Amino acid sequence: MILLETLYVAPPTLTAQAPVLAIIVPLLGACAAALAPSGRTGWMISVIASLFGGWMALAVATEAMREGAIVYVLGGFNPPLGIALRIDAMGALLGLLIGAVGALAAVFSGHSLVAEVRTEKHTLFQAGFLLCQAGLVGIVYTGDAFNAFVFLEISSIGTYALIAIGEGRDRRALPAAFNYLILGTVGATLYVIGVGFLYAATGTLNMADMAARLSTLDQNASVQAGFAFIMVGLGIKAAMFPLHGWLPGAYAHAPSLMSIFLAATATKASIYLMARFLFEVFPDGTAFGEAFLTWVLAPLAAAGAIICSIQAVFERELRRIIAFSSIAQVGFIFLGFALGSAQGLSASVFYIVAHGLMKAAMFMALGALALSIGARRLDEFAGVAREAPWTAVAFAVGAASLVGTPLTMGFLAKWGLIEAAIASGQIWIAVVMAAGSVLTVIYVGRIMEAMFFRAPAPGAPRAKEAPLGALAPLLALAGLSIWFGLDASIPEQLSQAGAARLFEVRP
Amino acid sequence: MTTPFLDANFALNVALLLMLLAIALAVVRTRSLLAAILLMGVYSFVVAAWLMVMDAADVAFTEAVVGAGISTIVLLGAILLTHGEVVRVNWRLQVVPAILVLVVGGVLIYAAGGLPNFGDPASPANSHVGRIYLETTYGDIGAPNVVTAVLASYRGFDTLGETTVIFAACVGVALMLGFGPRVDTAPTVDVMGDHHVVLRVISKMLIPLIVLFALYVQFHGDLGAGGGFQAGVIMAVAVILHAMIFGLGETTKAFRPGVMRSISAFGVVLYTGVGIVCLVNGGGFLDYDFLFTPQVEAMIPPGLLGDPDKPHHWGQHFGILFIELGVLLTVASTMVSIFYGFAGRTIEAIKAERGS
Amino acid sequence: MLVAAGVAGLVVAMALMIVRAIVGPSHYDRILAANSIGTKTVLLIALIGFLFGRPAFLDVALVYALINFVATIALMKFFRYRTLASPLTAAPEKEHKNG
Amino acid sequence: MADALHWVGGGLVAIGAIWSIMGAVGVLRFPDVYTRIHAASLTDTGGATLMLLGMAFLAEPGIVTLKLFFVWAFVMLTTPTASNALASAAYSSGHRPRIGNFEFMRGNDSPEAATKGESRP
Amino acid sequence: MSWLASHFNYVIVVALMMAGLFIVFSSGNLIKRMIGLALFQSSTGLFYISLSKVSGATAAITLDAGSVDGKALASQLDPAYVQQFGVDGVVYANPLPHVLILTAIVVGVATLAVGLAIAVRVREAYGTVEADEIEALSRVTAEQAEPAR
């Protein structure tokens, strides 16, 4: 907590407006980038706007830690009449993750975009990237169920086209983007239907008001169906196990910038929104909610964690391995939710951050390698550690965190989840976690073996170390994984404070 | 009226919904894409009539301009570029989707059992926030059209998001279709030496009228049905009509694609700017009561707009005016950009086919 | 009462037209039906305004009349020229062909 | 007086509706595209005129009447134009009328085109 | 039967949703799938608007009490309703779902445009818009990434 406050320095007038500024600065940045005369200017605008957005997210986090939860009223009309942003410590943590990864990815894009996307598209690409960022921050900050849908769509519509731009390198990006568009829109529409059912039962759209009204209401058919639709809709967006079909293609074929940013943040925002509906909007302890956690969420999450890890073991393209690993990790996160305890929730949120940072580092390392070699398959990466040691080391740090090596953030995250599972007596969840980790070791081991211990194939294109402008954000991300592995006070305090607050309100 | 299910309103409702169902089933069944598009156009017509029966004049307005106008044109542009008009059907592959859809439908029907009766004024949906808006709008905002008031002021942040979505679509379509080799003037595809004097003359007469009407819809928005979005689409339709009659080359000379994209961004900036002005003046984001500083408000003659005791009506009025202008700019330019994207590709497609 | 009868008549006419739109057989039949349904919708919306006491909603009818026109032009260009972009010429050299 | 106007207006609206139904029946029953276009465009313009005139009688003179006039003007502009464009598009794509004498139309059309008729799906 | 009467709208809306969803999942043609998606999204609009219907109400554009419209309207409405649910003597429709659906329609058209744009690019890259053919061609691309073993 002390650390957080020392990090954040700003005038109080700015702090008071930070929640909305964290959303609208990237938004304005997007407009400015679209108007920018050259790709270089667009990149600078993107970096500045992302950094400013990240700074504001820091302000929000500081405030949320101090106040417990921030309510920012928009338009001068108190909820439920107007729309309000409502940010508790966990939301602030997620916002911080989005801001940090967004800023680092924006810096990195200075090199990767030039290599991957045609020059005349750079300004619009940066505009789309910033829109996506604004939308994701909006999803985690808003306190209004319908407003969340609008932000979901802002981030998605920007994303679809940006993934499709990956066709310059691999035409499979186009059908992947189209599939994502179809499934993503179906998911968002199912979410809207669910919100409609809740609105029919409560007459309000504000989440807090909804929660208050639902707790006095009989759990009738339409409320239950609303809940189911929201879960399925957001489950598609969050790549929950049987609904994850869009993810591998989208992550594997998108331009590097989008892979980094999406892998670290996009599914995470939807997962967090799901958590809010699970633990904030719906009254705890109802038979229906309990049954969902025990009989639907937990088995699916466990199945996803195991099956997708196995798929990752047998996959040959490196980016697809990491994409499948992401789905498996989402399964771990949902296992934490399924515990239905404050400890489980806070462990899951911590895991979200850990996973976001490590996946960002891994995809960014691949992006940095893609600057010099156009490799896709795992064996094409043989021996890159000798040619690009720093990049490979950063990748290895991310991978180590993914496996759960001590001294990395991933270790603390896994440990926290297992602890929470044991504390609530669900030993089988701990066992699934352990089994998933073993599988993770296998596929990460394959990657490491190829990168570090195999000699490069003769005649293969030589990898080169990425230029400093691309290496610096990469090392920063890897450094964050290690820093939080040594001293996790910032994410830990925020996630625990948020979870404790939620479960205190509804014991 | 005391027996709400037997009145003319309900009978119309049932008739129109049954038509919708018939059309939707025909869309499912048809193998011709073009037929599906035409049926969707008809569907949208019927939806708009139904919306009028449901007292949703503003939504009907939007459905009119979007469903029948823009969607049809964009879909036509897309099938021109994809050269496929007949869909192949493999009935064996449809079993799983059918089961899936039946499950979803079953859940929905089960859920519908818990919904309040249709038209019930005392249902939760109609008695909580929705009612409060009706009671407070006049005092808070002073605009007769409650839908516009809610859209632009109470839930102005949603509308900012909506405008941003439109801008995102502009960015997306431009990234996908907006670049590549361009031709200055469209080749004249003169099939049989047609002459279209009638169309050209009528369109020349219509286009200024359409723009005039768009302005009326724009500035009449807080008094009657309509607003920035609808006006924007109508204005875009005027440009699209010009492009279709006089050629894309002529139109892009007047409304350059790059300029259109810039205007789209500028609309969002204008909207956000209004919010920031409120923020700088000490209110929350988009709190139009703070659009003008107290010094300015003191200069306003009392009662000029709305209630004489409420000088903030002035701020609300102008706030709504400005943000609707932002919406208009973004929507109009985005719709034109989207049309450029699809129609412009057509030229390239024709050239590519002729070349090969 | 007579207005209600008018609304009912229009709905019946629309239903018949929808049958034509669904059955086809050619695309021109569908366009024709769509166009005609458009006109009927314009009238229906205007009449609904009268029936329910809000004739001020004629704006919606007005905008429908306009959109209907533009969509029909788009369809016509689609069928005849296979492009939305080319200009419609006013070539004066040929005589009127089919009256 | 107002009552009389009301009856006149209502009557015109009802006649217009009957007119529209007649047109719709024509569209449903006539044998080919051209006769159907004939039925639709004739009754659309005629029916619309009657109904809008009727509504003008029902409404108080003022902005509503003006809007009704504009709706009428739009319908009168668009329906014939669209019908004209539609018929010419149908003709040039190879549809030939099923009934009536159309010898005078021969010229730049190939015989295959003339037999295509109603074959499009 | 009375349940059907009071929930008729929802039944039809569910049928429309199913129709849209069926097209999305069963069709292989990308354009047809976009059409299905548009149908599906539009049916949510119908759902919300059905929720907002208030029997005997009028559109939520408040009337000047003295205007001709207002007087004519007030005389048509049921006095008991007006007394219980009316504002200034007239029952108005619930405006909130209208606002939400305005936004949803806009989102729908944005999605449609972007989706079709991507479909057009798919056609340019693959020469087809049928999902199974695209998948087969994608497999070829994936195998090109593999060396001959």
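Brief remarks on what is shown
First chain written, first letter: the chains are A, B, C, D and E, and each begins at residue 1.
As a working rule, a residue touches a chain if its C-beta (ideal position, glycine included) is under 8 Å from a C-beta of that chain, and two chains touch if they have at least 3 such contacts.
Bear in mind that the values here come from a model prediction, so they are computed numbers and not experimental data.
Think of each touching pair as a link: the shortest run of links from chain A to chain D has 2 of them.
Path length between chain A and chain E in the touching-chain graph (shortest route): 1. Chains joined by the most contact pairs: B-E.
The most distant chain from chain D is A, comparing centres defined as mean Cα coordinates.
Chain D and chain E have Cα centroids separated by 30 Å. For the pair chain B and chain C, the distance between C-alpha centroids works out to 20 Å.
Chain B and chain E have centres, each the mean of its CA atoms, that are 12 Å apart. Residue positions of chain A touching 2 or more other chains, listed in rising order: 146, 150, 153, 157, 160-161, 164, 193, 199-200, 205.
Of all residues in chain B, those touching 2 or more other chains are 9, 32, 55, 57, 77, 108, 112-113, 115, 123, 125-126, 129-130, 133, 155, 158, 161-162, 165, 168-169, 172-173, 176, 191, 194, 199, 206, 224-225, 342, listed in ascending order. Chain E has residues 17, 21, 30, 51, 58-59, 61, 76, 96-97, 100, 103, 107, 110-111, 114, 117-119, 121 in contact with two or more other chains.
Chain pairs that touch, as defined above: A-B, A-E, B-C, B-D, B-E, C-D, C-E. Residue ranges on chain B touching chain D, taken from their complex, read 31-32, 86, 191-192, 194, 198-199, 202, 205-206. Those residues of chain A lying in contact with chain E across their complex are 146, 150, 153, 157, 160-161, 164, 167, 170-172, 174-175, 177-178, 181-182, 185-186, 189, 192-193, 196, 199-200, 205, 316-317, 376-377. Residues 17, 21, 24, 30, 33, 37, 40-41, 44, 47-48, 51, 96-97, 100, 103-104, 107, 110-111, 114-115, 117-119, 121-122, 125-126, 131, 134-135, 138, 141-142, 145-146 of chain E are the ones that touch chain A when the two sit in their complex.
Listing the residues of chain B that touch chain C in their complex gives 8-9, 12, 15-16, 19, 22-23, 26, 32, 34-35, 38-39, 41-42, 45-46, 48-49, 52-53, 55, 57, 60-61, 64-65, 68-69, 72-73, 76-77, 80, 186-191, 193-197, 199-200, 206, 210, 213, 217, 220, 224-226, 230, 234, 237, 240-241, 243-250, 339, 342-344, 346-347, 350.
Chain contact summary for the complex, chain E toward chain C: residues 58-59, 61, 69, 72-73, 76.
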